[in-house]
Amino acid sequence: MSSSFGTLFKISTFGESHCAGVGVVVDGVPSRLELSEADIQVQLDRRRPGGNKLGTERNEADQVQILSGVENGLTLGSPIGMLVKNKDQRPGDYGSMSEVPRPSHADYTYRAKYGIHASSGGGRSSARETIGRVAAGAIAEKFLLENYGIEIVAWVSSVGHQDAGEIDLATMTREQVDASDVRCPDRVAAEKMTAEIVAARADKDSVGGVVTCVCRNLPAGLGEPAFDRLEAKLAHAMLSIPATKGFEIGSGFAGARMRGSLHNDPYVQKGDRLGTSTNRSGGVQGGISNGEPVYFRVAFKPPATIGQEQKTVDYAGNETILAAKGRHDPCVVPRAVPIVETMAALVLADLIQIQKMRA
Amino acid sequence: MSSSFGTLFKISTFGESHCAGVGVVVDGVPSRLELSEADIQVQLDRRRPGGNKLGTERNEADQVQILSGVENGLTLGSPIGMLVKNKDQRPGDYGSMSEVPRPSHADYTYRAKYGIHASSGGGRSSARETIGRVAAGAIAEKFLLENYGIEIVAWVSSVGHQDAGEIDLATMTREQVDASDVRCPDRVAAEKMTAEIVAARADKDSVGGVVTCVCRNLPAGLGEPAFDRLEAKLAHAMLSIPATKGFEIGSGFAGARMRGSLHNDPYVQKGDRLGTSTNRSGGVQGGISNGEPVYFRVAFKPPATIGQEQKTVDYAGNETILAAKGRHDPCVVPRAVPIVETMAALVLADLIQIQKMRA
Amino acid sequence: MSSSFGTLFKISTFGESHCAGVGVVVDGVPSRLELSEADIQVQLDRRRPGGNKLGTERNEADQVQILSGVENGLTLGSPIGMLVKNKDQRPGDYGSMSEVPRPSHADYTYRAKYGIHASSGGGRSSARETIGRVAAGAIAEKFLLENYGIEIVAWVSSVGHQDAGEIDLATMTREQVDASDVRCPDRVAAEKMTAEIVAARADKDSVGGVVTCVCRNLPAGLGEPAFDRLEAKLAHAMLSIPATKGFEIGSGFAGARMRGSLHNDPYVQKGDRLGTSTNRSGGVQGGISNGEPVYFRVAFKPPATIGQEQKTVDYAGNETILAAKGRHDPCVVPRAVPIVETMAALVLADLIQIQKMRA
Amino acid sequence: MSSSFGTLFKISTFGESHCAGVGVVVDGVPSRLELSEADIQVQLDRRRPGGNKLGTERNEADQVQILSGVENGLTLGSPIGMLVKNKDQRPGDYGSMSEVPRPSHADYTYRAKYGIHASSGGGRSSARETIGRVAAGAIAEKFLLENYGIEIVAWVSSVGHQDAGEIDLATMTREQVDASDVRCPDRVAAEKMTAEIVAARADKDSVGGVVTCVCRNLPAGLGEPAFDRLEAKLAHAMLSIPATKGFEIGSGFAGARMRGSLHNDPYVQKGDRLGTSTNRSGGVQGGISNGEPVYFRVAFKPPATIGQEQKTVDYAGNETILAAKGRHDPCVVPRAVPIVETMAALVLADLIQIQKMRA
């Protein structure tokens, strides 16, 4: 189990789906940053299921409590402990699944690794694990925005076969993203995506999707080659989110089909700095930010737990039919939006502090 | 600069394109492993350019010397230092580019970050940096194969718009991969890929591509959630390779279009263990290996340095035309094959040692 | 701020003297270890002040709550979050000191480093920070004892000028140590030490002391040269405890006065292993345990906060007289005993897991 | 084996006594630092044995070669690889010891840990391992001196029972230290120490000693509580040096005998900053530097390998007599002086970069 992330701006998360609480210790937050529980609650509320007709119906209030590291509204430089108590536990809903590992779920691999598995729900592999991250990410975002003007905005760019049209990376805001429950700023696509999710739920099925994220106003110079290139750290961060299957930055897999003469981003003068007239690099060259917007896409598979009957075997190898009871999210990407933003913020806060030592 | 990778099986690389030498220190290699320079040279030779009509014409012998950590053909448990001396330096070829940052190259970002840039060639961002990795990876592979029977095989699955057909993940060997210079085991596709590369070179241009990799015979249980999931560590490792733009495991971005009922991998009994009848998960569930083959794809952009004229600006912002002199690789993916294998081996060797502590 | 310790068995602590709570996240605890809050409370109670006539009079109940990582009395392999709420805060007692940095206290350096200081008490530099460590250490001890039979026992070996006589490293138990409030198992010395502490308090003064610790039943092979030698990790751990000024292992500083012919520990056969007939090495050779008991001594300075008047200057440089109000511990070593045991346990649990990977 | 040290200013060493070479990779060195091999050779020459009548007679030239990371006399920001080739190997001298573990040497523990041991000499536990450190330390020292004016000076403060008198921490220079072969700046004590070493050699014996070190001109604010306090990192660094048995900072073990009213360092105004009128704290309070000189002492045991006959047993448990052949250092402390300075420099360079991120 490796529940820490970051070198200087470092988090350690704890908590599974049905224990007393989930939370995080955030170490390396600069002192004298204004910080309140309200700053953190905003992103937790965006992450929370049950806020709209697309998610599960569970009502998880997810109120965060700051335990340490903040006094009189200012950070002290000491580690910030945060706790969200678990309320709605209902382990009974999961009891019937304990002898049958859910296909494409972590039940089997957790048991193989640890020889034990939380008796109910997803344990540490459940989406509740991400609460600690998001609480920490809210601090990282505040630090980045107030000290550097860095903005991070993510949105749903596809659900199943429904794709959003072109989105303006330079101007998109979270308000525009949150205008639809599905968190796709392309209104027409948003309606089709919503229909896709509703249809999947009606079929007791689930559906995957893609989240796109842009980070604006980064200074040139972030990223630590050879191994901690900016894109490598982002890829690590994104693939650590449950249910992710892919990451691409800038031109991504489409870029692999191109020729250099078309792919290269020519330099141009932009005010008092060099910029590029196109941005197929996604704001990164040689593993280091170049001052252009960094943007990337993250693929999420359809949730494994579905109400439909599935042919599978139990731990003893006997064939059986599994149909999950309880309430399950038919599509995670709308809720994944703040988690993607969080992980991006944690990567950038860490790299910007490392780079600062060179100033 | 972060030139280390790994927690217990840990490497630290050094060297840039035109210094005295490049190399690596590998710490955490178990003692009493049989090891010789020949074991390492094999992968270095596969990485070396100039071996065929597709790469650059530079003749880089790249003979490795083991400096420490091995005695009488056995590892001692102490760090293994390895050195490859630089021979063919010709810094003159690059001199004309020093005032103009090459579009989509690391020239500009290195200067922004470090305030200085190696006077010639790509410095630390050049492909020569990967020599240290590959030398270390050869040791990791030997450790994995001899102690666990783990096999890692990568190949070129696309160049530009030319895609390989279906490849049998269960049986593909490096011998089959190396049967063509382009390292695509699909003979028909290999010829088309070769033509694509030859055409790009004729146009003084470059072209991108994709490398696919499979890791077989992994035990269930590898991967350290929440943050060091197997796929997260692989994504980090792959995106740390120069010129990469994307990573996907199992179903990847295509999986994001699917429904759960089609995507889920049902369990079946396989001999004395549970396995899955399909493998859209790519051998990983909840961030932990499940005993099925782990496979993934890595996107490489077209090389930035091309002989064609490009409109751009110099560091002072003046418009200029840049056309690279010297010999440049029109497509990196054939040579990237052993580098992808290397990074996979380094991830697995580290995770298998971490998991061992739980036995 | 670096609030994490350990590589595989890793802790992250949080909390200062007057925030909502203090605690710890312990990552890397093996699964299926029996664990309850009672296991942890034992050492927290030993650390707690106010239990006897020697400590401060504050009544800190320090009840630990396990937040995560344990289900039905067994560890899950996931991170164990633990919380102790702060009850007795009384910040008023410290108010008068805010403009005058206490001599030899962390007031000045925290302000120099962070530009802010917790408005009352010692903030993160206070002894309350050690609660998280001790809670984590209790888990490490249980793991070491149940899986390897490793025993760790510390005691007070001097207070001021009062030294304990010879203590039998092979048999000393915590029960014997706790027989006196001062935690010195030499009854005669214990009485003199008690008198020394009582006298210091009567003078509104404080007094230093030394804690000795022995670790028994270690297997040979623990320690990771070159940099993470067993004694180096122990020294790091011990000097991270507040108020420590020195560490010595085995013969220590006295050994620096000896000749090799007297200092060397000859080998002898002990049952089925080699042992040594003397143990000036302190159980460590070349940075690696040799199977003999590991023992070491830790020096603690007298507490900086005293009731006596001290001539000093305020932050503005004006001369002033400072006399601390409130209740202050005249001697920390009796309470430091479980903290020293804790840090030893954390080092050993980490190194034993790292070594296991080689088995 | 853990051969890396540091977080941002990070080294990875390699090499044992009789392999092809020893060296180091130094990562995180700021770019644009002037650096040549001559800068490094100075400390390597001070570390080298055979330069005077007190050390072994081996003639080890120890010429360092910079392999990477420096161009035209300036650092590039990329990792600096350095190599010192081994010349004088004579493994034959050690052959007779291979069946008998030398008392208090690492022979036994290395075999217990790794199941193999370098066939001759001390392998990785030999003093040659420290060459890589010293080469790296020379860079750290240059960085600290040129950017911050930080000076680090160590000397021999005792050999056996011979102690140096009071040394002026504020003014002592390396030139004064090197005025005697024994590296004790107290001339009278130096002669007695020399006699002690000569007598030990005449008796085919060895003798221990103590090195004291002062670091001047540190800014206030260095050190990362809770776990990476300045004194904790220094203790870790010093106890990682072969043959060390103890570390104390400031008042050290003597401070444990004192009362707070005598031990506390009152604040006084010193120019434009607060300072202290005494310095029993050793320049550190609460784990953070306070701007006063940091000084500490390191205890070295007498070398284990001696020419005298010793009763011991072989690996099979049979009683035998061991008398080492070959040339062995009767006292390591004069040569340890630059190694202690090196480790202090590595700790400070790392902590000063971490602190910089807060500026």
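By letter and in written order, the chains are A, B, C and D; residue numbering begins at 1 in each of them.
As a working rule, a residue touches a chain if its C-beta (ideal position, glycine included) is under 8 Å from a C-beta of that chain, and two chains touch if they have at least 3 such contacts.
This one's a predicted model, so the numbers in the text were calculated from it and none came from an experiment.
Novice: Could you tell me which chains are in contact with chain A and with chain B alike?
Specialist: Chains touching both chain A and chain B: C, D.
Novice: Starting from the Cα centroid of chain D, hunt down the chain whose centroid lies farthest away.
Specialist: Relative to chain D, the chain with the farthest C-alpha centre is A.
Novice: Where the centres are mean C-alpha positions, what is the separation of chain C from chain D, in Å?
Specialist: The answer is 26 Å.
Novice: Between chain A and chain C, what distance separates the C-alpha centroids? Give it in angstrom.
Specialist: Once rounded, the distance between the two centres reads 39 Å.
Novice: Round to the nearest whole Å and give the separation of the Cα centres of chain A and chain D.
Specialist: 46
Novice: Where does chain D touch two or more other chains at once, residue-wise?
Specialist: Answer for chain D, listing residues that touch two or more other chains: 1-4, 13, 31, 77, 110, 113-114, 124, 358.
Novice: Sort out for me which residues of chain D touch chain C in the complex.
Specialist: For chain D paired with chain C, touching residues are 1-5, 13, 101, 103-106, 108-110, 112-114, 124-125, 129, 158, 160-161, 200, 203, 205-210, 220-221, 223-229, 231-240, 242, 244-253, 255-261, 263-269, 274, 276, 280-282, 284-291, 297, 299-306, 308, 310-313, 315, 317, 355, 358.
Novice: In the complex formed with chain C, which residues of chain B make contact?
Specialist: Going by the criterion above, the answer is residues 7-8, 30-31, 77, 353-354, 356-359.
Novice: Spell out the part of chain A that touches chain C in their complex, as residue ranges.
Specialist: Chain A residues touching chain C: 1-4, 10, 12-16, 19-23, 25, 27-28, 31-32, 65-72, 74, 76-81, 83, 110, 113-119, 123-124.
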